[in-house]
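Going by the order they are written in, the chains are A, B, C and D; count residues from 1 in each one.
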Amino acid sequence: MAEHLGLSEAISRYVQDGDTVALEGFTHLIPFAAGHEIIRQQKRDLTVSRMTPDLIYDQLIGAGCVRKLLFSWGGNPGVGSLYRFRDAVENGWPVPLELEEHSHAGLTNRYVAGASGMPFTVMKGYLGNSLGEIASHVRFLDCPFTGETVAAVRALNPDTGILHAQRADRAGNVQLWGISGVFREVAMASGRVIVTVEEVVDVLDRRPGDFVMPSMAVTAVCEVPQGARPSYVQDYYERDNDLYRKWPEMSRDRDTFLAWLDESVMGA
Amino acid sequence: MPTWAADEIMSVVAARLLRDGMSCFVGIGIPSTVANLARNTHAPNLFLIYEAGALGAKPYRLPLSIGDGELAVTADSVVSVPEIFNYWLQGGHIDVGYLSAAQIDRFGNLNTTVIGPDYHDPKVRLPGAGGAPEIAAHCHEVTVIMRHARRAFVPRVDFVTSVGLGPEPDTRSRLGFRGAGPIKVITDLGILRPDPQDNELTLVAIHPGVEVRDVQDRTQWPLRVAPSLEVTNAPTSEELAALRDLKNRS
Amino acid sequence: MAEHLGLSEAISRYVQDGDTVALEGFTHLIPFAAGHEIIRQQKRDLTVSRMTPDLIYDQLIGAGCVRKLLFSWGGNPGVGSLYRFRDAVENGWPVPLELEEHSHAGLTNRYVAGASGMPFTVMKGYLGNSLGEIASHVRFLDCPFTGETVAAVRALNPDTGILHAQRADRAGNVQLWGISGVFREVAMASGRVIVTVEEVVDVLDRRPGDFVMPSMAVTAVCEVPQGARPSYVQDYYERDNDLYRKWPEMSRDRDTFLAWLDESVMGA
Amino acid sequence: MPTWAADEIMSVVAARLLRDGMSCFVGIGIPSTVANLARNTHAPNLFLIYEAGALGAKPYRLPLSIGDGELAVTADSVVSVPEIFNYWLQGGHIDVGYLSAAQIDRFGNLNTTVIGPDYHDPKVRLPGAGGAPEIAAHCHEVTVIMRHARRAFVPRVDFVTSVGLGPEPDTRSRLGFRGAGPIKVITDLGILRPDPQDNELTLVAIHPGVEVRDVQDRTQWPLRVAPSLEVTNAPTSEELAALRDLKNRS
């Protein structure tokens, strides 16, 4: 059963140095506020996983919270590079960054396996490409029925999954709609689940295309209005595309980034 | 006669190749432009799938990112990312996928991961795979759209993010791949297709005003040219108007 | 893209003697009308799969359409036995019935594998029990990461999947809500997909908890009001529990059953 | 003192064992009665999962079948059957599962498939496995509820549909099973639990008015009886009233 907590309390209680943490949200519902709280609490040596690292992980990496990144596409969509990510990979700044690289389908299925309580699952992928050669989370095996070679991908069960949604009720049931990405899989695969929401309401009146994640599968609910900015929350606010477009100039230079971090995150 | 930008001729030529009713796995940028241009012109029933979960999206403005609200709101259905990749893509329901890359080689292998010989100490760290390897494997066919630049058209990619066509004619079937792979490469200079004999990418068409030697100059391997080299029809005023209208909305 | 067809035309075109056919629907949305049309067209030697055979398969079996049954629970829920199913298994009447037996999770995952374009998938199950010993659709393999033994279950890709839903639009997009069972998996796994619907409407106004299966994944849509009776269709009609309770006395005796079949199906 | 039917004492005794806030995987019939009786009395926040897809169902009337509309309409969420079995059950989110069977043996193995020694030529064809094997494997613990009949309590089941507790103390962990298995067997005569030494089912409680020899008479193996045999508290008027009220609605 979910407990209602302040964001600072939830992060302090459920994210420890060295943990494996997944902050997900596919363009939609990215838990920026929770990421910023992790930066403020100066968590260190985290292994973080996310299909599309996006600005949120560029910031966590630039702030020195991350030791290892599990990901499948590390760019600023429609804009270009993530410079803090590249600086960490190419130059080890502020700390060296270990990469564990996937395809989208591959990382998705690692979450699926984790959510399913399996040690692995199978997919068609990683065959013939260089990813399959370098990936320690992939093995190849033959179908016992047809002999066809398929990829086995290792389950991923984060210590803590951190997600954002539109709403929750007092009992901690969480409601979201629009693009849900791997919300269910991360929630079911993670040891602890923190969900930040735009608002807590008395009754979750149901909406077309919505999904309710029962309180039973959530550890902590934190009411954080605007908690996904600059990403978007359907029917609450739009994506701040201007900020995404400006992010390269805000982050390409280390000092500019650090000044932004001081002012916009640490000082907030 | 109208003039056009590099991205414009690529978008127009690629859009023409789509037939109405096809299902397309659409990425952000030019692929999204191409598919929506076709949908707004000759192929109104094109079925667009965006990897974030939108099935049958009909965006009025072009999305900046793959999970834009516009896509969810206009879609027939929004499903989870596992459902997109496992049921729709791996399950074999997609006719055409679009890819681009930082490097492409003579057999259509694509690199979007790292530039440089050492993965662990790259000269340039690129975004990585995303949906590309499985799009390349599972769509019935793949169209590659990218600017024709010498640094991009290399004899052998530094890293095979997505498997192309060769080097053996049976490479793909041996790997158990369902789709035909990148059988169309559309650049701002022309169109390349695999040679049926050995799958080497071959220049089969050039755009109006382009010379074969321009294409060779921007290709690092000795380029094969089809005996029946064609010249693409120039973009019409209508095509360019539809394209610019779409861009202006976005 | 789905085509709108009459039910008789759809069954005649897409169900051939000897085919593997899945009529699904978990208590809710069971395509009875389509099953009766299969009986009327006297299809033979079918391999039919269904998690819960229910009355619909008891009728198909009793009518002699079925050579082989893939299933996971063959009873009349809350009532008792399926007597036509038992008569075919225990006495070979009207024709011998071959069984391929699963657990719910096992048959579900065969559909999942089929929908995913995989030759198999993996699950925890069939270990240590007698089902695992007799099932030719199950193999055991060791996780390449942990060494743990898991079950591999073979993909199931029916020639034709037959499903029922609340509504469709003119373009053949299908909308359903309430309990969906394995609707998506059967639709994505089957070579051809027939969906009977309560009504065809101009616009599918979206509803809480609904799902729209795009026309792209459907072969034929048939407007068949009441097509799921005596099962139920949420917001259209209730389950005819009386008929379910009476089914034992209607079906236990061969002649009573045949008389019912003649009158209620063949003569309809 | 009130009197009660066989099903009533089983339901009341089983309901008492549920703690508020637990998650229960609920089947049709007595399990559904038990869970909803507890929910209507001392455990209002019991989280009921029905295999057809209902998460957090709160039925007012008891469903006749596992996919009743009542379940979907009152649930917190309705999900697909694969999600129920893979994410919720196999994923390890269920505290208590309920099972019944045509046969149970001294190690709690359960048979719901066939009676008779030959699977291919059964004396009686039963409905089969349904969700039982995975409920038995994955729930943190399982409660078996069934009438105590001599034909049902057999030394060795004809067919192991669902794995119980033994015969070795490490049988389940060797098979990689997450849950503790059927550690409570509630019948209309009493309660059996596995002996911690060797997992053999042992009579630990009898219901009021029942003698140990009644239980032995209806058990085909020589029944072990716990030295500290208890007598169950009789169903109270309140418990019976709540149960009968629930039944009457349905």
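Annotations for the structure displayed:
By our rule, contacts are C-beta pairs under 8 Å (C-beta built on N, C-alpha and C of every residue); 3 or more make two chains touch, one makes a residue touch a chain.
All values reported here derive from a predicted model rather than from experimental measurement.
Under the contact definition, chain B and chain C share the contacting chains A.
A count of C-beta contacts for the chain pairs A-D and A-B puts A-B on top. Here the CA centre of chain A is 40 Å from the CA centre of chain D. Taking each chain's centre as the average of its CA atoms, chain C and chain D sit 28 Å apart. For chain D, the set of residues that touch two or more other chains comprises 86, 90, 138.
Residues of chain C in contact with two or more other chains: 116-118, 123-124, 148, 150, 184-185, 209.
Each chain pair that touches appears in this list: A-B, A-C, A-D, B-C, C-D. Per the touch definition, chain B reaches chain A in the complex via residues 28-29, 51-54, 63-69, 71-73, 78, 80-82, 85-86, 89-90, 113, 119, 122, 124-134, 137-138, 159-163, 171, 175-177.
Residues of chain C that touch chain A in their complex: 116-124, 139, 141, 143-146, 148, 150, 152, 154, 206-210. The residues of chain A lying in touch with chain D in their complex are 1, 115-118, 173, 184-185, 188-189, 211-217.
Those residues of chain B that touch chain C in the shared complex are 21, 23, 45, 47, 55-56, 76-77, 83, 86-88, 90-93, 138, 178.
The touching residues of chain C, when paired with chain D in their complex, are 26-28, 51-52, 71-75, 77-79, 81-82, 85-86, 89-90, 101-106, 108-109, 111-112, 123-131, 134, 148-150, 178-185, 209, 232, 234, 238-239, 241, 244.
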